[in-house]
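Each structure below is given as structure tokens.
The following pair of complexes shares a single chain, subunit A, combined with subunit B in the former and subunit C in the latter.
Entry: the complex of A and B
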């Protein structure tokens, strides 16, 4: 069984598209680091105009922790798209290439087959996040050094002391893993329903983009919809950087995301179990 | 007619005498500050700024005449744009302002003379209102109206009767309420705050500095005001 899982992992990581996401992360992190190194002060000045009249903010504002936070905030919207690029193709890709029937000739139940695909998707998510952790956190700290984090919210600022930040970043990476797991499970579910590689990827991207755009609207009309958009719960990692930490909200959102993952996984199993692979 | 001239003369003389009184009060403050060239102390800073969540922090505060001021901490801090000794710096040259008495008031339980300081040299300051203790001749409260920053206030508390440098300096100022679109802040989960009609766009922020281990006139070098990374 382990050999089948190994084979799935090798298949997923052997394809060039698996490295598009990783390459994009490295390129984006490098770009953000370089731009902040040269023009970070301008950006910060622009954000704090309303306080600037009477207060001056003293200390090292641009530091590794702030850059990591900005990278996380920027990429957390893009990462699901990069994940879907790989996980959306895990089942439908095999179906399109005609290897699905061959794969199922092995003495393995359909339940295990999907479970291994799902584990492979989770490992890809983990690989992306470890890469992000190394490049965003460690590289930014190496370039800009440590310091207090200034978190910009819609209605104010939160200053978090340096000593408090390591565990918050680690927790936010764990939360990002839970979020991306949901996206990976969604795209895997679409993948089980489709026989071409592009459809599930595009569909996942559309769902995420539409949900995110609705989340960003500041109109009361959309307020009742918000709790039902799983993308809205994905942004809750930011609450780890609030003061006091909104523990209940975070746990609740993590729970909602895990429930979504379980539902997507269940639907995938149910559908694949009945799927006519000979068509 | 003669009565009118006499009345005018008496009034002018009285105003001159009152003005002289105000100048005498300020001279007293100025002479005390003249003995202070360098200040070095520990400082604990507490912030009460609407829309800003920031813990208190401790650090070192240094001051050097004529106007160099710095607080060094291990983290980020909000500081008033005007250094807390700017009220005393303004009084340094009596030819730069006109002192006008404006009655008396009680500040933090202390009876004070109110002196309005009107600058005569242009510059950033429009008006400075000082509440100076009648008994102790120390500044207990000041209100500076500045061209760009608007009105800022300082409230001073002294630990003992002999101190001239306050133990607690509380800065208070109004600033425009912080608001950032979700798309820029990335804070998609915040509940939208809808402004009520007639609600002020301004909020009042406070920074409290508590001083300890004060050392007066222990030389502060110019290099101590330069950023280490510059």
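Entry: the complex of A and C
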């Protein structure tokens, strides 16, 4: 069965669009690193201005860990869109090209076909995150060196020791993987319903934007909806950088995201199994 | 069933038993009362069809008759509302997992990943089969369809004819017993059509494949097929061997006499509808009516320079699908 996965990987990774996301990540990380290298002090000075009168900050505030944290904060919002660009096209792109009917006339069940597409989507997400990890974490550490991380969140300023940061970053990447898996599954689901490449990508983006906008309204009217908006759980990775770590909240959110993924996967399988292939 | 065979050359008498399986083995596909609705539209209205092993079977019908719908159902792309299909004498549509490894197909025009080479496309197709398709087999198929030398070029650079041939190569990858080709000559130039026709004939003669070709091009079926079914408006209106179907039909008669105007009057009086075609009068008649036509022309002192008749699929097809 590894051969089918090979085929799916060749198909997905041979498309130029698969590298748009990767290229964007490399470019953005490089830009952030360069901008911090030249004007980082100024930026951090503005950020921590209010704390200057309360206490003095010693040591290298601008270090690889801080840059990685800033990059994660910036890019994790955009990553779902980059993921959807590829995963939203995995089934509908084949349908639009007419190759879907050829794949499905081969001796492979529709369940397996969708499962391999889903695994391919997960591999793409993983590739994106590994790339982000290498460029954001390793490159920033190489340029700016290690150091303690100052995190400004709702509870105030948190200082996290350098020695604790590696596993926290790893955990945040795992959480990002769970989040992006949900996005990838959503776009794959839309992809199974559509016969053109653009629709599922746009629809995924619209869902993410609408959910994010609803989440940002702090009105009681939307309260009952909040637990069901998966985008609401995607930013929980930041709690890995609080003190103490909100473990229960993080596990709960990860669970909600996994449930969403399972639901999207199930709907995709159910619909695709019954779908007549005309394209 | 017991058979007694007498060999004339050796004067030997053989008695042998042929089991039901052997008889059934000849029938590679049986379709019974297959129906498909698209909403309110009744696309297939209970189609019956039988295809024997080792023959080229033509599925003929005008555009929109239901040919592609039928083929799509036979390879599992769309689901019938009712009906029964038996592959290889034992497998139903519900057992496509067992059937598809023995089937190759081109449904509508062959589509490939344009950003990949022909070779990579075939390798990808090969990965979906339970048994590994060897590189040697892939190269053999490339050679068979005449794409040697171009296999490493991207499919986006291929002509329509080359894509069609690549389609046949992918349909042959698994050495199938049954091949479905849906409108295989669509979009090809005359040279491409001839080449593809020769290739299809080779599949039958050299490799013993059963090929089901759907087409709306009559000459294609007439030239290649051993048997055929005519589908019109979702109904199978006729089925049998091409020779049989054509022999039981009206013929197109062409006659040249010394006085065509007088001959036309005589033919019209016999209830024919002659039309001028260059020097000849052409009309349709039943085979049995021709001696009477000759007699009437002779009785009217007409000199007959030429009279011939053709059994054309076109006539038969138009008769069946005219309504």
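One rule holds in what follows: the second predicted complex is superposed on the first by the 265 of 279 C-alpha atoms of A that agree within 3 Å, B and C clash if a C-alpha of one lies under 4 Å from a C-alpha of the other, contacts with A are read in each partner's own complex, and residues count from 1 in each chain.
Note that a contact is a pair of C-beta atoms (placed from the backbone, for glycine too) under 8 Å apart; a residue touches a chain by one contact, two chains touch by 3 or more.
All values reported here derive from a predicted model rather than from experimental measurement.
A.B. asks: Look at where subunit B and subunit C land on subunit A after superposing the complexes, then choose clash or fit.
C.D. replies: Aligned on subunit A, subunit C fits beside subunit B.
A.B. asks: Go through the superposed model and pick first if A:147 touches only subunit B, second if only subunit C, both, or neither.
C.D. replies: first
A.B. asks: Does subunit B (first) or subunit C (second) touch A:16, or do both, or does neither?
C.D. replies: After superposition on chain A, A:16 lies in contact with subunit C alone.
A.B. asks: Would you check which partner chain A:277 touches, where first means subunit B only, second means subunit C only, and both and neither mean what they say?
C.D. replies: Only subunit C is touched by A:277; subunit B is not.
A.B. asks: Scan A:42 for contacts with subunit B and subunit C and give back first, second, both or neither.
C.D. replies: In the superposition, A:42 contacts neither subunit B nor subunit C.
A.B. asks: Could you say whether A:101 touches subunit B, subunit C, both of them, or neither, answering first, second, both or neither?
C.D. replies: second
A.B. asks: Comparing subunit B against subunit C, which has contacts with more of the residues in subunit A?
C.D. replies: For subunit A, the partner with the higher number of touched residues is B.
A.B. asks: Just to confirm the geometry: in the superposition, how small does the C-alpha gap between subunit B and subunit C get, in angstrom?
C.D. replies: 40
A.B. asks: Taking the two structures together, which residues of subunit A meet both subunit B and subunit C?
C.D. replies: Common interface on subunit A, subunit B vs subunit C: nothing in common.
A.B. asks: Sort out for me which residues of subunit A touch subunit C in the complex.
C.D. replies: Against subunit C, the touching part of subunit A is residues 3-4, 6-7, 10-11, 14-16, 97-99, 101-109, 274, 276-278.
A.B. asks: Going by the contact rule at the top, pick out the subunit A residues touching subunit B in the complex.
C.D. replies: Residue positions touching the partner: 47, 50-51, 53-61, 73-74, 147-148, 150, 152-159, 161-162, 212, 215-216, 218, 220, 223, 232, 235-236, 238-239, 242-243, 249.
A.B. asks: Would you tell me which residues of subunit C are touching subunit A in their complex?
C.D. replies: Its residues touching subunit A are 72, 75-79, 96-97, 100-101, 103, 105, 107-116, 120, 124-125, 127-130, 132, 170.
A.B. asks: Using the touch rule from the top, collect the residues of subunit B that touch subunit A in their complex.
C.D. replies: 49-55, 57, 71, 73-81, 148-150, 152, 173-190, 192-194, 205, 207, 229
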